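After this come two complexes, each holding subunit A, first together with subunit B and then together with subunit C.
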Partner chain A sequence: MSDTATTHAPAARDHARRERLVALVQSRLALAVLIVVTLGAGAYFPNLLAPTNIENIVTAASFLGLIVLGQSFVLIMGGLDLSVGSMLALGTVISAYTLPYGWPVALLAPAVAGALVGLIDGTLIARAKMAPFIVTLAALLGIHGIALALAKQSMDLGDAGFFGTIANGEIAGINNMIWILLIAFALGALVLNRTRYGMALFAIGGNEDAARMMGVRVERIKIATYMLSGALAGLAGALLAARLNSGLPTAGEGYELQSIAAAVVGGVLLTGGVGTLTGALSGVLLLGLIQNIINQIGTLSASYQQLASGAFLLVAVIIQSLLSHRRGGE
Partner chain B sequence: MAESVVSKPARAAAPQRTSREKRSVVDWLRSNSVYIAFALLVAFNLAVTPGFDNVYALRQLLFEAAPLILIALGQSLAIGTRGIDLSVGSMMALSSSVIAVAIGLGQPGAIVTAIAVTTLVGLFNGSMVTFLRVDPLISGLALLVAGRGLAKVLLGGSRVDLPSGGILGWLGMQSYFFVPVVAIIAIVIAVVVAALVRGTTFGRYTLFAGASRSAAFLAGTPVRRTLLGVYAISGLLAGLAGVFASARTGAADPNYIGVLFELDAIAAAVIGGNPLSGGRVSILGAVFGALLLQVLDATFIMNNIDYTYAQILKAGFIVAALYLQRAGH
Partner chain C sequence: MNTTSTVPVLEARHITKTFRGFAALDDVSFALMPGEVHGLMGENGAGKSTLIKTLTGFHAPDAGELRLAGEAVTFADPRASQNAGIAAVYQEINLIPERSVAENIMLGREPRIGGLIIDRRRLNAEAADLLSRYGIHVQATAPLKSLGLGMQQMIAITRAIALGARVVILDEPTSALSGSEVDLLFALINRLRDDGVAILFVSHRLSECYALCDRLTVLRDGRHVCTETTADLPRTALVTAMLGREREAEAAGGARSEARDGPTVLATEDLSWRDRVRDVSLDIHAGEVVGLVGLLGSGRTETFKAIFGAERADAGRIMLEGTPLTRHTPAISIGHGLAFLPEDRRADGIFARLPIRENLTATTLGSLGRFGLVSRGAQRQLVDEFVEELSIKCSGPQQAISELSGGNQQKVLLARCLATRPKALLLDDPTRGIDVGAKDEVHAVIRRLAGEGMAVLVTSSEIDELLAICDRLVAINEGEIAGELDVAGRSADDVLHLLAGAAEHAPARDRA
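Moving on, here comes the complex of A and B:
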């Protein structure tokens, strides 16, 4: 929204400089807060900064992280995907069903299922011009239902063999999930910032009509992006199944909201057209860190984590709103 | 009860529609789809479902529908302003927890406190939307997460039994001629809200704010005050819905009360003919949308079919309703 009102001639340079500064704050705020909170809390809780604990935090956050990657793409495009949490759950269940056919199937089948869901969502949104919010909300309900219809309760994978190693093993002393998370975000950043597809996402998020006039194939890109988000959610589900050695039809509850929260805290604007993956990743780690701090305090129940992440989201949104108004307003 | 309300501002879409005059039958079916679907579903149940034509089943259904009707009303107003209120499910839980915490004030005091708290949160939500211009989706999302967290924290994450007598007992158990008190209250409130939308300047301003925010602003209507009012009302109704649900459960249970209700409330409003694009509010539609969802649940439960299939079908309903609305524009 603010980007559409670009600068005009006279006071342009001054304005542009200030705008850059605000953009910098917006995209790096989460990272700064992450560092401050880590150091501050590290002083109180010596265990927090122990390498094993840091590894635990990042590993636990990696599943949400993969979802946030897809969600960020969708948000930057000006869309929204609420189906990711239940897609993760369905992914774990599909993994449990397909593991007998070998680990590659168990790993990829959920991603394919997620892409299919994304294809349906994306088609309804891009071609039938329905609101992303309501389409993916319906998908959330529908997928949740399918996951529960396939598995009443959690399914034990038994001896998962190499499939389990994918999410539990280590390379160079660091859990595979962390490698997967980092590689995924690095690839994502490459795609977002260095390809025509990535540029098109920003263009559509900034101004869809203008993007269309510039020759961007808006509908195709929208559908592809919802497919990507679904596939990543399905893949996250497969990896979670591998990690916990079970199919969990009720996993990922609230992930749709947490993934949006993480991205928004990380400076991705809900209005589209603005966002960085370093910001989004900082948002994910920040949420994971808060959870861990609350666990460290020990006397506090898990309920405090919800309260804290909600409050965090509120503060982030308010700061963003104030910043973006300064950035040109409506 | 009040008719479906088509606002004056919504007439902006009229010129396009005149070219489709001959498709008026389709239009009629489309604009009454929620009532037709409801009638078909009820007829189906009367024919097929054992025990559906039973006053006890009806009573149970109405007990469960009452809270949903209340939050669907608030949701319809928010959607009418082109907004949304995602916090309603968590506000039900918050209201429930506050009752348990404040029960020392006596039951009436506790109930009033609970509703006052959720109304204040609604006002806060409205302030973010109006003064900070935060997307209502995201402010509601933050309150959804934080609200449920707060509700759990207040009771240490556990369920607390409430007294079985007094007002709560009356709300939770009493019915007259097989119509629960809570359903009567919900219907009365629906009539009041419908009158509010139809017959007051506040209602006009609400629709106007949804039809065109900037035009409403330029025309000098108090857009900000209106939005604040709408979100406060939504919070108030969610608080009351929380009271109803707690009274029926006989306990304050922040882990259970109102979970995913925001989705049902949105579904009820949308299926009932309140387009997400705002500017149009149909209170009767929202009430029947809520009843439709409730009967749908009951259909599956009473036929011993897995509840999860009801969810899948519900998802289909929402998409279909929205697709029809889209075609109507």
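Moving on, here comes the complex of A and C:
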């Protein structure tokens, strides 16, 4: 028996090595493209690489970024959250209403509201076995309605004081939003890769029935993850309100799809079970960069930005499909 | 076999389980001793899966009890049986393919720093320890999906043992494995037996059961037939126990060999598909019913699928009334006049949510009306015709097919085949899971079709059935034609000898 094992071992090891290479391409491709596009475009548009411009790109992308963080958790678990865009809008409005009670309330109330929405969505999905698409689509519409009912138009926060500083201030010469984004992703990566909760997310997304048979508490973890996604969307809303000094009931439209696009460009599989936060973050920044480049060109209308984003998404999906087919064929 | 302990680690006592009035298990008793490898044998519908599902908590028995190390137990769900130390490893692996071997083995028990952050180094080290203890040579950090199916099964077994399993149920573990993988798996099973683990081994490969098992239990039609030590149960006796021959008297009707005088309708020549169908050559004449007789897993179903084009044959020729069928799909086969009744009615046959009308006319919609529109009148006429001809018991063409009995469902599917006016019929176990009365009706329909000149190729798990309806039997074993006999004047014993001989004298398989 040991003879067979030793003769088979090198082949298996080669195979494992190839699998790891594929995984590396999947998780780091977006980062590589991000760097190449940044440097390439930087050669044409010198302004692009100016520190203030880079800071602007990342700051502008940070709100979508927080949403992508939650969306990535949901996607890796094999779910989908379409409610995040309107949750962000509702978050800005809740901040506007609660700021009179102090900045901690204005910051946390939207996150709590988002967690509540996630609790409802997650319970319907996990316990009542309803489709995530439908449940979170209903939430998208409902929350949008609530935001508009609470605020017919944008609400000025007036003198927001420290609340405004949270999203506009700087630490070590770098905008707070960038710090918040990086810290959130670093914490997220730790949770995803180094906790039992993170392992369970990959297990559920990889094979839900197997995960259940292996003792994973599938329902609880699903609910918790939709709560996390909702809370992050609410928090992103609070920070956007702080940044723009207003409650914006129509903010974040299309963010639900942009967040999915960013995660997928970053190598998160829509089918679940696979994804990295480095990739997801690279995806967000890549979408932000494309927007900035189109702006630099100046003569192009904003519709080209969507065209370019769509092209990147398509290419990313084609590459993923090729990678997984190559594997399937073996 | 470790005989120091005489208390069965797991025992089923007088278990009965009924589904819709059909007894899938009827008063089955069975005991599994620590340190033994126990083979569970039986054909389709014998009750093996139901017994396994009862032992693992998927089904609650209607009557009887389970005993774990002498204590009566009930399992509310699969997790409860798993927590009690009963692990089932299925062909379809219940692990996470995208994650590493170590993560799969350790999921839920990951060593942590400060009770929170997973210690990856220790996780990999502990998994590597377990792997080497059971002689499994893989890297703990390799992604699970990079391993072969056999190795993945061994990882699943390792996980189960690490979680404290005392009973491991292996449900047809070898059917998708290569020869070297089977050897590795058997080595692991023997190691577990030495450790006192009880193993319930389900396989339809007789040679494997004889090589591995200490005792064999045979089920047939939901009943316990026998439990013997392997040495005391020769192959012929085992095959007899599995297939039964109770209705011998009715079998082997009048001489029908004249059927072979008709022209050849369907012929295959050296048909091969993977390693499951090997150089199969068959001739079926007009008006002839040929039975393909073989045990489960002999390649009989695969032969049907290759002929029909549901699987693309790797080599060989198929001729239908002189027209070659190559690179054909089921649609092309139907167009040429071939019809196929699949073995698994639920998975491959019925549209459970649709009425009889749609189920019956699914393959003929194109010809029922004009301009791409389906004529309700023509549809109705066709359905009425077959409901009468096959005496399908239903409240009307709009009744949901799922409300019918298994026998009537099968008749609807048979009508669907016949509605295409085929020249040749492929019937894969046409009476599986239907009651005796319906069986006789289906038999009569098949004989009548042959009388009208149809060429029929049929298979079944029941020898008596084949003797009752066939003119000629062709034995298939491990994908190869192993013998042939005319039915006239033969008894079930002759067929059993043909089969047992085929199983015994099978060439050593090259599974790699």
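Convention: the second predicted complex is superposed on the first by the 317 of 330 C-alpha atoms of A that agree within 3 Å, B and C clash if a C-alpha of one lies under 4 Å from a C-alpha of the other, contacts with A are read in each partner's own complex, and residues count from 1 in each chain.
In this section, contacts are C-beta pairs under 8 Å (C-beta built on N, C-alpha and C of every residue); 3 or more make two chains touch, one makes a residue touch a chain.
Nothing here was measured: the structure is a model prediction, and the numbers come from that model.
Contact with subunit B, but none with subunit C, is seen for A:A128 once the two complexes are overlaid on the shared chain.
Applying the stated contact rule after C-alpha superposition, one finds that A:I297 touches neither subunit B nor subunit C.
Looking at the shared chain after the overlay, A:Q306 reaches subunit B, while subunit C stays out of its contact range. In the superposed model, A:I183 lies in contact with neither subunit B nor subunit C.
Of the two partner chains placed by the overlay, neither subunit B nor subunit C lies in contact with A:I35.
Of the two partners subunit B and subunit C, more residues of subunit A are touched by B. In the complex of the two chains, the subunit C residues touching subunit A come out as 78-79, 82, 93-99, 103, 107-108, 110, 112, 116-118, 120, 135, 137-139, 141-143, 145-148, 151, 159, 180, 183-184, 187.
The part of subunit B that touches subunit A in the complex is made up of residues 84, 128, 132-135, 137-139, 141-150, 152-153, 156-157, 254, 263, 266, 270, 276, 306, 308-312, 314-316, 318-319, 322-323, 326.
Of all residues in subunit A, those touching subunit C in their complex are 1-2, 4-6, 8-9, 12-13, 15-16, 18-20, 23, 190, 193-196, 199-200, 202-203, 206-207, 209-216, 273-274, 327. Put simply, subunit A touches subunit B in their complex at residues 80, 124, 128-131, 133-135, 137-142, 144-146, 148-149, 254, 257-258, 260-261, 264, 270-271, 301-311, 313-314, 317-318, 321-322, 325, 330.
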